[in-house]
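Shared chain: subunit A. Partners: subunit B in the first complex, subunit C in the second.
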Partner chain A sequence: MSDVDLRDEAPTGWFPVATEHDVIARVVFRGQLDGRELAVWRADDGFVNVWENRCLHRGVRLSIGCNDGNELVCRYHAWRYANRSAGCTYIPAHPADAPSRTITAQSYAAVERYGLIWTTTNGDEGSVPDIGTLSGPRLLLRSLPVNASPQTVREHLGSHRFLPAALLETGTAASADDAEVVADHGESWVTITADAAGESSTAVFFVQPVDPHRSMIRGVLADAPADEIPVLRHHAYELGRLVRKIEEAVEEPAERTPPRGFETPVILPANPWGHQRATLSMVVDRKAAVAADIALFELVPEDGSTPPTAQPGAHIDLHLRPGLVRQYSITNGPGETDRYRIAVKRDPHSRGGSAFLYEAIEEGDTIEVSPPHNGFPLRRNIPRTTLIAGGIGITPLIAMAQALDASGMTFDVHYFVAAPQQIAFRRRLATYTCEFHVGLTPAQTTDTLLDILGTPTPTRQVYACGPPPMLDALKAKARALNWPADAVHVEYFENTNEIATDSSFVIDLARSALTLEVPSGSTMLDVLRANDVPIVSSCELGACGSCAATVLGGDPLHQDVYLNDAERQGGQVVLTCVSRASGERLVLDL
Partner chain B sequence: MPIATRETTDPVLDGWHPIAASGELSMGEQRRTRLLGEALDIEIDLLGNASVARATAPAEPLPTHDRYGYLWTCLGEPSIPLFEIPEVDEPGRRVLHAGTIGVHVSAPRAVENFLDMAHFPYVHTDILGVEPFTEVAEYDVHIDSINELWATDCVFWQPIAATTSTEGQMTDYEYRVPHPYCVILYKTSPIDDRKDVIALFCQPVDEERIEAHMFLCLLDASNSTAMIRDFQLTIFGQDKPILENQYPKRLPLDPRAETPIRADKVAISYRRWLSDQGVTYAVIPA
Partner chain C sequence: MKLYDFVLSANCYKVRLLLGFLGVSYDSEVIDFHPGKEHKGEAFRLINPLGHIPVLDDDGYVLRDAHAILVYLASRYDPGRSWYPVTDPERLGSVAQWMAFADATASTASATRLHVNLGYDFDVDERRAAAHELFRVADEHLWFGERTGNDWFVPGPLPTLADVAVFPDVVLAEEGGIDLMDYPSLVRWTGRVKQIPGFSVMPGVFPFERA
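Entry: the complex of A and B
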């Protein structure tokens, strides 16, 4: 038989790469399709991921990593990749940084059918073969590897024989050679019906192209025998005989080649600025009241895709109508990657966004959403974390609590609310160390914050989100207690500072070799936009940190609430949306 | 001697490479090894002198050098002097060969792993690192006047930094790369103001295989040689399966390859340093 080089005609379509028994909980299975190695793993929510089997960092096989039920963790440096989206959620070497969205592993579509995991590496075209015979009861047979090309295997499968299941269950002296068989060749499978002693069985044998010289036979019997053991044993034996016959017929065993693609290093695509600005149409899949004046919204992509990866602390921008963009923290736990969950409080003082969302947006409505941005990344290198929420400020912290809990880290939650009916996420919080502080006066709140903070230690950090007066009080108390600025992280919903825009100054853009004038009444961001300098922004209120630029020269006049004291004094970063120059000139690394 | 008339020095072919631990060679022994894809015969005469020759003709003797406890040779023009480790002559130090381990990976991949701190909590759990102390703080990298690459001011929290440790410590590291395939670590000693010296000398068997020779020059007078060796072999045994699951096996020198992060500063510099010297063996040139 001539050895066909299938590399010229790479198999297209969907093929099985694993059985349901290979992808049991918390396991990473190493599969291979057409020479390409795959890491196949099932998350605790049941979703099966099929990814290229290499970490984007140093090219280590992901299949030697750890499946923690929500994320796949690389064995080498513990980079974490999310269920479904395959986006990197955490790089432990840099706990304070949110990984770039471009750090996303190559994933392939996966479908579970006939007890097998199917995928395609040639785009999503086509579908899993629809085999009517297997629509009823079925029994997954033992898969067997063969050192022969898929084409050779399919040809030999035409002469494969076995006995009907009914005979095997009752015990028989007949041999497989006594069976009358009819083989029906499909594209990448062979359906065989065997008749003997008045009984009949049909089995479908799918051929997985492992590489041009190796295949896997994955058989499924269209029957569900009461006693599976003799049936499984018979098929394993007969298929083993077939494999031996095929391998004897193949002239020369092919030498092992490294997996396809492994000879070149992993390289990320360049980061397209436009990509970050694009919005995604998302549908409100569910809207539910979760506390007094608080509604939970679940948003799913309109096109059925997986939404971009979010990390704990991240928010999304909802474009509610022209000129009305509002940010909401994602409350999802790790691995909950098929939707974004946000909680919205109806605020009588709201600038219109929350009231609009709460009252006018219903299930089935579509909203344009900007991909997640994380200005509040969660460090996971401090042994103990205290999460302090004021009212709806619980939203980023509930995401953090779930991530810390999944990592087995120590944390406690303090939740300040005006009234008990305003407590959201009550059921989840009940499983954590959580203290509710209900109906306190501002003075009582300050005293309580003082108690919670206590004496700073290097093994403890604080994350807080809530109304500005509470966060201001927290920061003042933390300073008074000598907490280092980088151990107390706060996120404001909004910037309540008075923002001056009356100065005028010049900005030099070092990388673009541009000098631009920022007149009174305009912001740096306005001027940068007007001159087509690529820059990302989100809240444009000095609260989210999206539009930060590196300062190379000059002193910034900070008017934001995002930067911490250390960053403010360092003078090396400025938020272009609200801050200005204290002198006549700022040099920016843009 | 195979003297090629080349205009420029080849940083690999004209360099010295370790081919055996001297202490493991006995008088009268004949041994075959491989270097840069070529088979070599080592022969020790009855006076203990080593001679090395290509296993294939011409069997002319190759230059040898016995240094730091290893037998070194050169397949080209030995015009690049072997780097110095002055600490070996200091009083109060123990110079040891911890062991030789074959690894199915290129020499530069092994060097880069040796230069990496971020994997300590995950690969050398409870010894060289432990969660949650995973952060790699900013450190300095420079190339000195004799073109050796240094990473200095590296610090990392280690539960058991050395055989002499009794508790966890913030360990100071300095890394030095004096040779494309050799790397030296200077590490805080738990018991002395001076630093322990730990080196990895890779013998590039071919482009994708090494014999890793582990050299120690320690300030540990109390522990047995067996215990010190066990410690180092344990550490290296933890690295081996990671290295052997890394693809491609040769080190890519394209600066865009393999998602570098700030913690990889020394690895980024090492890849550029190899590129700048024109190293093409066991790497994927940019």
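Entry: the complex of A and C
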């Protein structure tokens, strides 16, 4: 056995790790490159994901999980990871919590070429070898595993022989040993041209380093014979002969080196997102009218990367110009991970953001965007979900509807609009159980909400988003019908409460060991920022929940519209952007 | 119908699988194979002098040997004659060929599992190497099946006893330390078997799951 441990000189560059036959729909393929196990899967949109083969939760192989076409679901506790971004979208054991953005599977760049899936685990340097011979017609041969080092395999490939495809199609008595071959050694591949009886074939054999003692030979024939099977059989047989020859030449049977990935610690990146900091430059790839006064914007990262994972209910901040930062819900369904889709309504009462976006931003424009934040996470542990939208409030709910639909869960949609031409996402909604409530008066709306709610049951939950009066009415009715607070989830786009800022009080920051004064006219968030206490914020209106802090002592004076009644009464969480202390002091877990 | 059965036995699992595919109900008579070695006891020798499970008792007709039981059950309870295609000599021959192949996996792959799980004394490295040789052949066979639109061990639209006979030793092979990574076609085929209506699981075998 060779003494060379290739781990000391890990192969760099791009290698094939699977064939196009391995990454068929709804299957997860298990591969390995240089000791690192990989889960390779193709989503329904055609994108091929190459990930480290382990769930971030308990280390179970993702390759035994389920490819639902949009997401890979771990077999053990059903953590869901999104196509492209590899971000975790849902943790069933914590249905009320949005998974942290740092929970992202280790993914590697993937390229499809010559019918093979290529990746590199040593950064993105270099590229897939450009083999001119294979630019024309080609036939992917059967890949064969070999218990020998890649170096040994490459050496032996120099003596590999086969017959030209043209002879095999017509049937021949010739043997591969009769062929004249010329071998040309590339970096990690060998090109072989075989001549016999006036015919010629060229094949390229790529050598995939599986681990220091095992390799995979992945051959591609530079020809497209009409009758493939005899050609494939011949190559499988001849390559099988070569494999046996190589394995006999290797003195000891190859020891199977344990997969290496498990030794490597997962290093979670430090949270690079401060408060209201835009970290993504995104280009408007498409702008389209989807209803009266509603435009759909599709945003793609300017650098061509995959944007951070968004879960149903999440929103992004759009930095439209200095001082004008606005939140928009992401409407994407599962698997739509290459872009963010937002819908913007031109609102005559707009504070400026929506009108600016709707009127001034066009395809090709670049917008600075913050990564998604989810203050409205969708619980998927309740059998039936009712989604109630008022006007443009449909946006987070359409994302939820698609996620519920993809998971095969029961849900219904109620969509309140002033006029039929204001209905967005009509085509998508047509495939769901959806009722439109058009042109109702406030009193009729309240009565309809009462009907929709009905008697609470433990098997049903409600998510609602819309104008504040409608949500206020919904909450009041739910309370009157004895719905538990944690079964009715609402998201306000705006906070129409009068916000008092005239009190002054002190905040004790337990973790930072700081005592800060919040003077009249300032918010807790202002004071925290001024003292460089890291805290995330988004809308700063008490609507999105981004800036929530845990209260360890003192009574908050809530002025937000984000917390539900139970949270409000519990007094253990406060939104630092608008709320204050009802007494002289609050102790925060910051 | 009574099956002398042990839940962890790959050979008993074959029979349970086919009973499920055929929709035939039966009672399990649990034999304490491990740790009691009840199949080697005097009482069980009366039922099978060879001291092996499974044994089938169909209303007084007593039959031993998993593959014999498969042939009997398919011949008696599959009116469509698809599992054991007696009307097609070539396919029938192929079924017998792959059932014999499954005898070979039983003495190799299955033996490694008995070694790892139950402490049986085998030269486990030798058996693993032999199992890998078999799996290479099976994987190539199925890879060509995929190229020609054949889902099953014996070409044809429906699975046969060949698939039932080979399935347990393949799907349980990793318990014996036989890594299936090199056999992607074999792994994909296990996924297809799991989708046959009536499929049943055993400890160590996941059902097919659509999210």
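Remarks
Everything that follows uses one rule, which is that the second predicted complex is superposed on the first by the 571 of 590 C-alpha atoms of A that agree within 3 Å, B and C clash if a C-alpha of one lies under 4 Å from a C-alpha of the other, contacts with A are read in each partner's own complex, and residues count from 1 in each chain.
The rule is short, and it goes like this: a residue touches a chain if its C-beta (ideal position, glycine included) is under 8 Å from a C-beta of that chain, and two chains touch if they have at least 3 such contacts.
Small disclaimer: the values here were computed from a predicted structure and weren't measured.
Of the two partner chains placed by the overlay, only subunit C lies in contact with A:Q32; subunit B stays clear of it. In the superposition on chain A, A:D22 contacts subunit C only, with no contact to subunit B. In the superposed model, A:H489 makes contact with neither subunit B nor subunit C.
Within the superposed three-chain model, A:R75 lies in touch with subunit B and with subunit C [touch as defined at top]. In the superposition on chain A, A:P145 makes contact with subunit C only, while subunit B stays out of contact range. Applying the stated contact rule after C-alpha superposition, one finds that A:R58 touches subunit B and leaves subunit C untouched.
In the superposed model, A:P92 makes contact with subunit B only, not with subunit C. Contact with subunit C, but none with subunit B, is seen for A:R233 once the two complexes are overlaid on the shared chain. By the touch criterion defined above, A:R101 reaches neither subunit B nor subunit C. Across the two superposed structures, the residue set of subunit A contacted by subunit B and also by subunit C is 64, 75.
Of all the residues in subunit B, the ones that touch subunit A in their complex are 118-119, 121-123, 131-136, 241-242, 245-248, 252, 254, 256-259, 261-263, 284. Contact residues on subunit A toward subunit B in their complex (touch as defined above): 54, 56-61, 64, 75-78, 91-96, 103, 258-259, 262-268, 380-383, 409. Partner subunit C is touched in their complex by these residues of subunit A: 21-22, 24, 26-27, 29-32, 64, 66-68, 71, 73, 75, 142, 145, 216, 228-229, 232-233, 236, 240, 253, 256, 406-407. Residues 125, 129, 136, 140, 143-144, 146-148, 179, 181-182, 184, 187-188, 191, 206, 209-211 of subunit C touch subunit A in their complex.
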